[in-house]
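Note that chain A is present in both complexes that follow, paired respectively with chain B and with chain C.
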Partner chain A sequence: MHSHQSFINIKNGKPIDLNKIPLLEEKAFMEAIKQSIGEGKRVSSYFACSSKEQGFLKLYAVLLDDENQQFMVTQTKINSDKFTSLATVCPQLQLFEREIAEQYGCIPVGHPWLKPVRYHHSWTDQDAWNRKEEEAILPGVGDYFKIEGDQVHEVAVGPVHAGVIEPGHFRFQCQGEEVLHLEIALGYQHRGIEKALIGRPDKKTRHYMDVLAGDTTIGHCLTYCQNIEGLMSTEISERSKVLRGIALELERMANHVGDLGSLANDIGYLPTASFCGRIRGEWLNLTALITGNRFGRNFLIPGGTSYDLTKDQIVVMLNKIKLLEKETEDAISLLWDNQSVLARFEEAGILSRKQGEELGLVGVAARATGLGRDIRTTMPSGVYKKMPISIRTAESGDVYARAYVRGLEIKTSVEFIKKALGELLKNAPNKASQIVSSDSIKANSFIVTVNEGWRGEICHVAITDNEGKFERYKIVDPSFHNWMGVAVALRNEEISDFPICNKSFNLSYCGHDL
Partner chain B sequence: MLKEITTRMKQGYKTIKFPAGERPKMTEHYCGRPIVNQVLCKKDCNACVEICPTGAISKEPQLKLDLGKCVFCGECENVCESKAIHFSDEFSMSTSRREDLIVSTDEEFKTVAEMRTELKKMFGRSLKLRVVSAGGCNACEADVNVLGTIGWDLGRFGIEYVASPRHADGLLIIGPVTKNMVLALKKTYDAIPEDKIVIAVGTCALSGGLFALNPETEAGVEGIFPVDLWVPGCPPNPITILDGLLRLTGKIKDL
Partner chain C sequence: MIDLIIHMSIYILMPPLLFGIINKTKAYLAGRKGAPLLQPYYDLIRLFKKKMVISGTTTWVFYAGPIVTFISVMVAGLLMPLGQSQAVISFTGDFILFAYLFGLARFFTTIAAMDTGSAFEGMGAAREMTFSAITEPGLFFAFLVFVKLSGSMSLTVMLQRNLYGIINQNGFAPIVMVIIGLAIILLAENSRMPVDDPNTHLELTMIHEVMVLDHSGPLLGLIQYAANVKFFILSSFLCTIILPTFTSDGGLSWVGFLIGIILIAVGVGIVESIMARLRMSRVTVLLFSAFLLCGSALIIFVR
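Coming up: the complex of A and B.
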């Protein structure tokens, strides 16, 4: 009934005037969100922004309507000290609400577990936990959900882990070997990026995007570039779109291959572990062939790409891919043929489709439960409009499904890359694109862009002020949606399966902590 | 089992020969160690200083570029009309001292000095490192990690990453050192038995890089621990890290 007036429907990467977004009373705002989520929409982003009026904040909800391929956006004005929590009815909002509390010191009333997300001081002069400004904040310190009983014990892991990985703290409540509950405390990687983005863009901004999550350089940078291009009404060349798509799929290849290798490593199956460890590097080297950097740093710029590929380079790449494709396939198929591998992967860390929906999962983790969520298909931009990609899913929602979906997507991506390189062969290279200067960014506008990074949906929202500067630049890394999935997947599992469960999600710490 | 064996045979032997054999070739757009030319640099031009996202370039009193701050974006080279800055394909650019990371006059680059004799006696043939990410973006982590794979086989030089500081001879640090990781990092350092070394990998660890001005970070390792090896890059190519480690342990001596 009210979804017509309550939301404005907008398209991926298309800006609108800020004042076109319906401004609801808080109660109506909450009702509208509740109703829409009940109808199957999901939360792409939910955040606060300071308001010009003293004592007030703006709250924005960006829902994704997969079926109709559009966003539904709405806003409300709240008193800056509190707002109504929806976390108990819409679990996918719980972390967003905690984030708002931490950033603005504004309390989501009724939140069942109001803890900090990243352990930093508030951006305003209010603090949701009444901590003093001069008081140091200790990450990971505070209440944890506790189970009591004679046989229950607690296991704490991190922030520093055994391997070469990013820091995070995991607190398990166990009975014997069985995990009854896992609580994950992050924030150790917090570099203060979102706060630093307010008032930009400037010469630093694009570089921040390169390293929001350094294994997703292309995914995040692409999303940023599309936001800027949208805000400047710039169209990029068809060829640039193809190049960007190739880079995004190469990023997916390297990471999916690496993940399958790490999963094999965690169960001690060394052939796939060592082959994939090397092959992952070879896929990264293909990115280096295009850009000079294995992670694609500085490749995407507002306006296009900083380099193009010559015919010779394309031929070299195609030849390498031919070889690599076979090696990749051989290394991975070993997994599916080996009983002891399957015995470890199957039925470990199960999430049902319903849980996936409730938690608002994205990416591989969502598709492994059967949810058809893949932005390349549901909200395609750039080259994916012309070269559609099919969604690969599985049903069982376990470690096996998350691994298997990666295996399927590797095949899809290789095909895509070959086809896209073939397209490029048809035409001569572009002159290097120009970085479009950010002078003519539309003022008082709102834009949201999503892309399907290798981990899942990447969402960036930009809100500009009178001068076209960022009043807010809100980033949602797919990990932000999915960390709760790891915690839930561990319930009633053996603690010894934690490494493979965790690895099967392989979420970003810095992408979450920003 | 048969399939594993045939796959193993097909995959072949893939470890790179470095430091033996031919010098590895870098890709076309690779940004290696920069070379600055004072003669070509125009006095009244400030283009590179203005475009640099991390303040790595200064012209006081003459053009200098700080590898400890540089994220190797290449923008200064692009913007310089007189071609006074050029990023070469030289991947060897680690140093023993922070100040050696500043590239300025045309005098020779001061590469890593071999560790002192007592240390070399202990660590020259077996060096165990504890790696801690303190705000790293997972790219430096990946390129440190990759050295352990069969493509690089770090183990053949007696260098290994270990799971406990108690087993370690040194600490390898990645990231700008976020405020939220200072305590854990210090505890890790303290838990490593004496004598120990510290290696800083990546622009973030060297100076805070893009995050140097953010109050949420400590702007790198400098001033927190004494550093024995500085490895620049964002992220450094794995070969830059390997080259630095091999120079430190005396396995590469030439320039």
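Coming up: the complex of A and C.
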């Protein structure tokens, strides 16, 4: 089989030697990716890495094979000034290619809309847009797709918004109330994290992970920790795995509840908006009960967790959850029972299953189109191996579906948390204890770890050099896959429905901008 | 004379209170404590103390907008009877002037919005004009119903004639139709839910609020006060029709009027609490139903 030679199959969080990854010619590499995506595989990560040879770059593709529950990894060597673009045949690659162009100044030849992603200077001495090194680069400034016509008007929203949200620029081409095209420009939150990670890890690294995307602290930290543990061949205690699972699900609860509240707020439906606003805080407080921080900062460390739960704490948590579970359920069911709410949610911002596949959607947005993409089930790690979670999907792909999937996942997560706490209770220590182990990081290795954060698939790839330092640490936040989904969902939609469409995805700006 | 003083005091002082009542009702139903009842007054005082930030792209039209709107609305209010108290100014055909004073106010609000050159404000102006093109004929049909019933062309006589005395059994249904139609027009004209969300921060979804985004300080204060007054006027319109003359005592009838108008504000607060806002393309459907309700009622009475 062609694909057998082109790719090496690896498991979630299991390192391999760098030289085991097949090194293809550029043409064969592109063909192999095209063919695999055609067969239903999807792109988890696609990135360049500097090569030891002058004038060349390494290009890595990490595809995810949902069916066989494994990654397919391949690499190629490309000239440092250009490579072949696949964006027109595989739309899910378009943003990755733009990212490579921006980071390494290496042009994807044939890319239909080659614009910067985060508006920063290239990491090398060449620039894809020939901008000078001393020239300041302003985010969002540049060409936008334009439609001409008597009745066509342009609406520019952001980067400063009326609500308390992150900065992003949205450029609409409209005819009357109808949106013909939406282009999204991000990068305002770029902090240069990926570049800063080269040559690490060190004590600081984990703190970068804490704030990659402030609402996904646990998700990103967990993925990072599993990468480090994989590279150190560390097996963590069962108890730590359960604790991590609880933290990840609590993060999901708080965000899903918050999202449903915000959706209600955006359509002016006050009861759910007010209730969920408060209840979200209560779920955050449960995370604070474990870690002392509502977002779980500093909770996860390579080798385990910073804190354990005592018997008393577990009992307190279980009691609170009992109360909260009902309140959450009541507040959310108000949405599904109200005709006027459903009238707003249904048939707004539809993405079909096919569009979802082509765009490479992940997480809630993908499941709302009927795609069974949930890493907790398809490639489980840690506690999810022992306590499986069923994938919740909807079919209609509209705002309603994205909201409804959240509602279903809230139920699943509550059950999971209660069960997991019960597990902990069986052998709860009276005193909190730390579980850490240490070893040295494997040199010349490649590892990829994915987790299902509340937004969707979080993918971290680490490549280590001779000394076990990161030659490259590639982060893909679920938002990176999904932003294009927002833009496509808005086509031929009413512009006044943009807020609820956007909120139904609720993507991260800083997770995208890194 | 005393009646006129009471009339004018209520007319000038009460309007912001109604918004306080709406907000309190909404807060109560959402399980919140909510802002103080008098918050709209505090807001007005705060705005009038502030300096203004004026965009460099605007002209005199930007100033004229709020000022003309304020004056037109205030004059329109003088034509409207409050409960059993007759209007300050009253003449044959004053309802036509009433309707077009609102039209004038709307015209100046929208051109002041267009004057800023902002894409948002242009969008708001387009929406406002589209929707008012449907509500205005609805309002006229409602007026004509009362012209027909009372035989008078002056608002005070038209509205204060005790409907329950005039109409017979067959007239009951069309009157209910007019009242429902007017209630919808009340919500639409005052940019309340489900037509517009006065509390949203999302510019893309706004109708009225988005047109005044660039106004600040005293000009914004004028706009908000005018909006309060407009709501008060249309509520008293509705209140005067619904509330029959139950007493000839001037003091008691004022109490009745105040209770009626407060109940309308509470009703608006309840509507806003229990339903989501309509999709923009569906708003026209609601407004057309108001138009058809008032129109059909007129046909039934004329027949």
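Basically, the second predicted complex is superposed on the first by the 502 of 514 C-alpha atoms of A that agree within 3 Å, B and C clash if a C-alpha of one lies under 4 Å from a C-alpha of the other, contacts with A are read in each partner's own complex, and residues count from 1 in each chain.
In this text, a residue touches a chain if its C-beta (ideal position, glycine included) is under 8 Å from a C-beta of that chain, and two chains touch if they have at least 3 such contacts.
Keep in mind that this is a model prediction, so the values were computed, not measured.
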Next on the checklist: Looking at A:341 after the superposition, I want to know if it touches chain B, chain C, both of them or none. Which is it: first, second, both, neither?
Outcome noted: second
Item to check | Partner contacting more residues of chain A (chain B vs chain C) | outcome: B
Next on the checklist: Quick one: is A:497 in contact with chain B, with chain C, with both, or with neither? Answer first, second, both or neither.
Outcome noted: second
Checklist entry - Between chain B (first) and chain C (second), which does A:318 come into contact with in this model arrangement: first, second, both, or neither? => result neither
Checklist entry - Which partner does A:330 contact after superposing on A: first (chain B), second (chain C), both, neither? => result first
Checklist entry - Is A:163 touching the first partner chain B, the second partner chain C, both, or neither of them? => result both
Checklist entry - Of the partners chain B and chain C, which touch A:443 in the superposed model: first, second, both, neither? => result neither
Checklist entry - In the superposed arrangement, which partner chain does A:271 touch: chain B (first), chain C (second), both, or neither? => result both
Checklist entry - What part of chain A is shared between its chain B contacts and its chain C contacts? => result 162-163, 271, 274-275
Item to check | Residue ranges of chain C touching chain A (in the complex, touch as defined) | outcome: 26, 29-32, 119-120, 122-123, 126, 193-194, 197, 199-205, 272-282
Item to check | Residue numbers on chain A that touch chain B, as the complex places them | outcome: 118-120, 137-139, 159-160, 162-167, 187-193, 195-196, 203-204, 207-208, 211-215, 217, 258, 271, 274-275, 277-278, 280-282, 284-285, 288-295, 297-298, 307, 313, 327, 330-331, 334, 337, 508-510
Checklist entry - Residues of chain A touching chain C in their complex? => result 153-157, 162-163, 176-177, 264, 266-271, 273-275, 338, 340-341, 343-344, 348, 494-499
Item to check | Complex contacts: residues of chain B adjacent to chain A | outcome: 3-4, 7-8, 10-11, 14, 26-31, 51-54, 71-75, 131-146, 148-151, 161, 163-164, 175-176, 178-181, 183-184, 188, 210-211, 213-217, 234-235, 237-238
